[in-house]
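Please read the structure below before turning to the comments.
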Amino acid sequence: MTRLMQLTLGIVTAIGGFVDIGNLVTSGIAGARFGMSLTWAIVLGTIGMTVFAEMAGRVSAVAGRAVFHAVRERLGVRTALINMVSSTVLNLLTLAAELGGVSLVLQLATGVNYLIWVPIVGLFCWLVVWRLPFSLLENVFGLLGLALIVFVVALFRLHPDWHGLWHGASHPSVAAGEGIPTYFFYAVSVFGACLVPYQVQFFSSGGREEHWNEKSIPDMRMNAIIGFPLGGLLSIAIMAVAVPVLQPLHVDVAHLGQVTLPVAQAAGVAGLAFVLLGFFAATFAAAAECTLATGYLISQYFGWSWGKSHRPAQAPRFHLVCIACVIAATGFILTTVDPITVTLVSVVLGAAAVPLTYFPVLMVANDRDYMGRHVNRAFSNTLGSVFLLLMLITSVATLPLLFITKAGL
Amino acid sequence: MLAGCVSPAINADGYRGKVSQSAKKMVGLVNAARLAAQLDLDGKMLHTITDNVVTDAEKDAQSVLSSLDSVQPPDESSIKLRSNADDVLQQAASQLADLRIAVRRRDQPSMRSTLGDLGKTLADVQHVQDVT
Amino acid sequence: MTRTMWANRDLLDRLLIAADGEHVGMVDDLELSDGPAPEITALLSGPTALGPRVGGRLGSWWLAVGRRLRPADDPYPNRVPFAQVTTINHRGIAVAVESAEVPTRRLRGWVHDKVIDRIPGSG
Amino acid sequence: MRATELLGCEVYDANGDLIGHVHDLRFEARAPSGRAKTGWQCRLTGIACGKRAPLGHRLGYGTADMAGPWPLSVIFRRRRQRSLEIDWTDVTRFERPRIHLLHGRAYYEGDAS
């Protein structure tokens, strides 16, 4: 494979890896309810994700430390344990949302109730984790996830009022009839959907799986700095198509099917086929990555051997954790709890939990003994500190918002 | 997502707000179902997705109704408001059910006529939303 | 050549890496010799070393789990003699022992034999 | 003796006043000599103790070469000054959970600056 192709592939998989059920749901809801006025939250979330992932990737490449090695080294046994447990619970919630999302997509495609699909999806998710080589997982689903570009195509075909969209995005205001807490609840959810802890855990541990070293840094940077913002653009496109189609009709998006309506209007059945393929790839890849990420973080805390480069027999505890995660998340979704609600709760709690993993990574990235000449520069540190502050504010605000707005109702 | 929130004791203003909220939600549900069905008639939809969107709308409409019914109207005028709004919302919900049946049977003429009925009911629902 | 090391920064909660590159646990505690000038004699790893550090009810529970996994009723944690250490750096602490011979992996063996090995396609 | 038994111990000076708790152990490490692969030696030479929770110390401020970020580096550097480093040779008695020192508090505080 030529160097250019390899680079393109990395960027493409970063785009596919960025978008998951959280982005699909929150962008759809936000576009229909608030127009473009929450674009800033996507932009902030995406920059945060890029900064965080680049830092974690650099730490992984130079110091050879995946996220939870850094967490345990820097926070000590007890704080890291609390951190590990809450990150695991959060990842399980996210995994449940993704598995539910895949099943809903299959329901949309086949008409068969999603609950029938849940165990099958869970089984396939585990099979992928159990047997499929790492690079295949990343590349195949990353490429298929690119089908979501149909949202961008649809946006152009809808001939929206571009000026109005831009004005909505650049002059954010709370839509009439919506409370300020509700607005900020959805701001947090959109922000949290872009800045997801499991994605960073996966990105940095994936770097260990692919044996990144100092030479991999430029590639890793390109993946993060080009791939994630393009993923953010995709999220904005999903939001923007809802504005001319769903907002005037006062549709309160609460189902995945509604998110597809603007594409149907703009691009018909062919467009929908792309949407379903893209939804499926994005959510399924996310489910597998979330499972792996949870296996990674628990194994890293305890110092167990981990990773897909090992056969299961060589990393038994890692694979046991993965199996347990899939079973727990599948069981949770089978209780018939609404997957869309689970998604919203998981992205919002995710936004609150980001500092748990971000903080230790920021510390290691600043440690000259570890990082040598790849230590954080003033630029990354300024951005890093600003985002630390932003994340802390989000964390503090999240729970009150969740209760005041009763999860955005 | 729409159900829940049973708030037993509210005043007349609160009740009015609740009715208005329910009407607003119903408008969104009817619109989503109409859009899906119309796109389906235009040959722009996958049938399974139309079915999903319309079925979801019907289910959500039922939960809007039951959530409104769970609130006790506090005074005489609220009871009057309720009987008026209830009729309109009930009609919307039952027409959504009709639409769902037509979609499942792939009965295009009946989809068209139900869409027409829904259009009229929508005006009534919007009226409920506006006056309250 | 000597250098200063700190328990928290350089030794505790570091990864233990076997000669074949496998991760074989975390340094959960250090064993020191008695006497006026204590020296590190071994790195301790596993639930019975981690439990006391976590403390509280969770710590004792973890300790109890660890004891169950021990062959005899011996609560002393797994020891990796300090004399076997080859390198100490930010990637972890490497020892000159193959992973199969590091005594930290009883839980791993149990999981492997009772669960993973019974699922097709694990080898 | 295990490191955990030392960490968290109360430290008393010669007058019997509580100075703080042990939050880290200092070692002098000697790498294997010549061509030998193994043979590290690590001798306990001191303890770090203080009244505050040693968060900054743990994170790396104080013992590591940290590049920032501001303002964390500033805050933790300031707090670090409240932490004392004491030579192990100054420990006269160690009975868990108490460590007794040879000199008075002022001696160590002067030494730390």
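A, B, C and D are the chain letters, set down in written order, and residue numbers restart from 1 in every chain.
Please note the rule applied: a residue touches a chain if its C-beta (ideal position, glycine included) is under 8 Å from a C-beta of that chain, and two chains touch if they have at least 3 such contacts.
Note that this is a predicted model, so its numbers are computed, not measured.
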Any chance you could name the chains that touch chain A and chain C both? D
Using only protein Cα atoms, the chain sitting most centrally is A
Of all the other chains, whose mean CA position lies farthest from chain A? D
Any idea how many Å lie between the Cα centroids of chain A and chain B? 34
Distance from the mean Cα position of chain C to that of chain B, given in whole angstrom: 63
Rounded to the nearest whole Å, what is the centre-to-centre distance of chain C and chain D, using the mean of the C-alpha atoms as each centre? 24
Could you give the separation in Å between the centres of chain B and chain D, each centre being the mean of its C-alpha atoms? 69
Of all the residues in chain A, which ones touch at least 2 other chains? 76, 369
Please output the residue numbers of chain B that touch at least 2 other chains, ranges allowed. none
Numbers and ranges of chain C residues touching at least 2 other chains: 8, 12, 53
Quick check of your reading of the touch definition: is the inter-chain graph here a line, ring, star, complete or other? other
Identify every two-chain combination in which the chains touch. A-B, A-C, A-D, C-D
Can you list the residues on chain C that touch chain D in the complex? 1-12, 29-34, 37-40, 44, 49, 52-53, 82-86, 88, 96
Complex contact set, residues of chain B against chain A: 1-2, 4-5, 24-25, 27-29, 31-32, 35-36, 39, 43-49, 51-53, 56, 60
Report the residues of chain C in contact with chain A in the complex, numbered from low to high. 8, 12-16, 22-26, 28, 45, 50, 53-55, 58, 90-91, 99, 107-108, 111-112, 115-117, 119, 121-123
Considering only the defined contacts, which chain D positions touch chain C in the complex? 1-4, 6-7, 23-32, 37-45, 48, 54, 57-58, 60, 63-64, 88
Footprint of chain D on chain A - complex, ascending: 74-76, 360, 362-364, 366-369, 371, 375-376, 378, 381-382, 384-385, 388
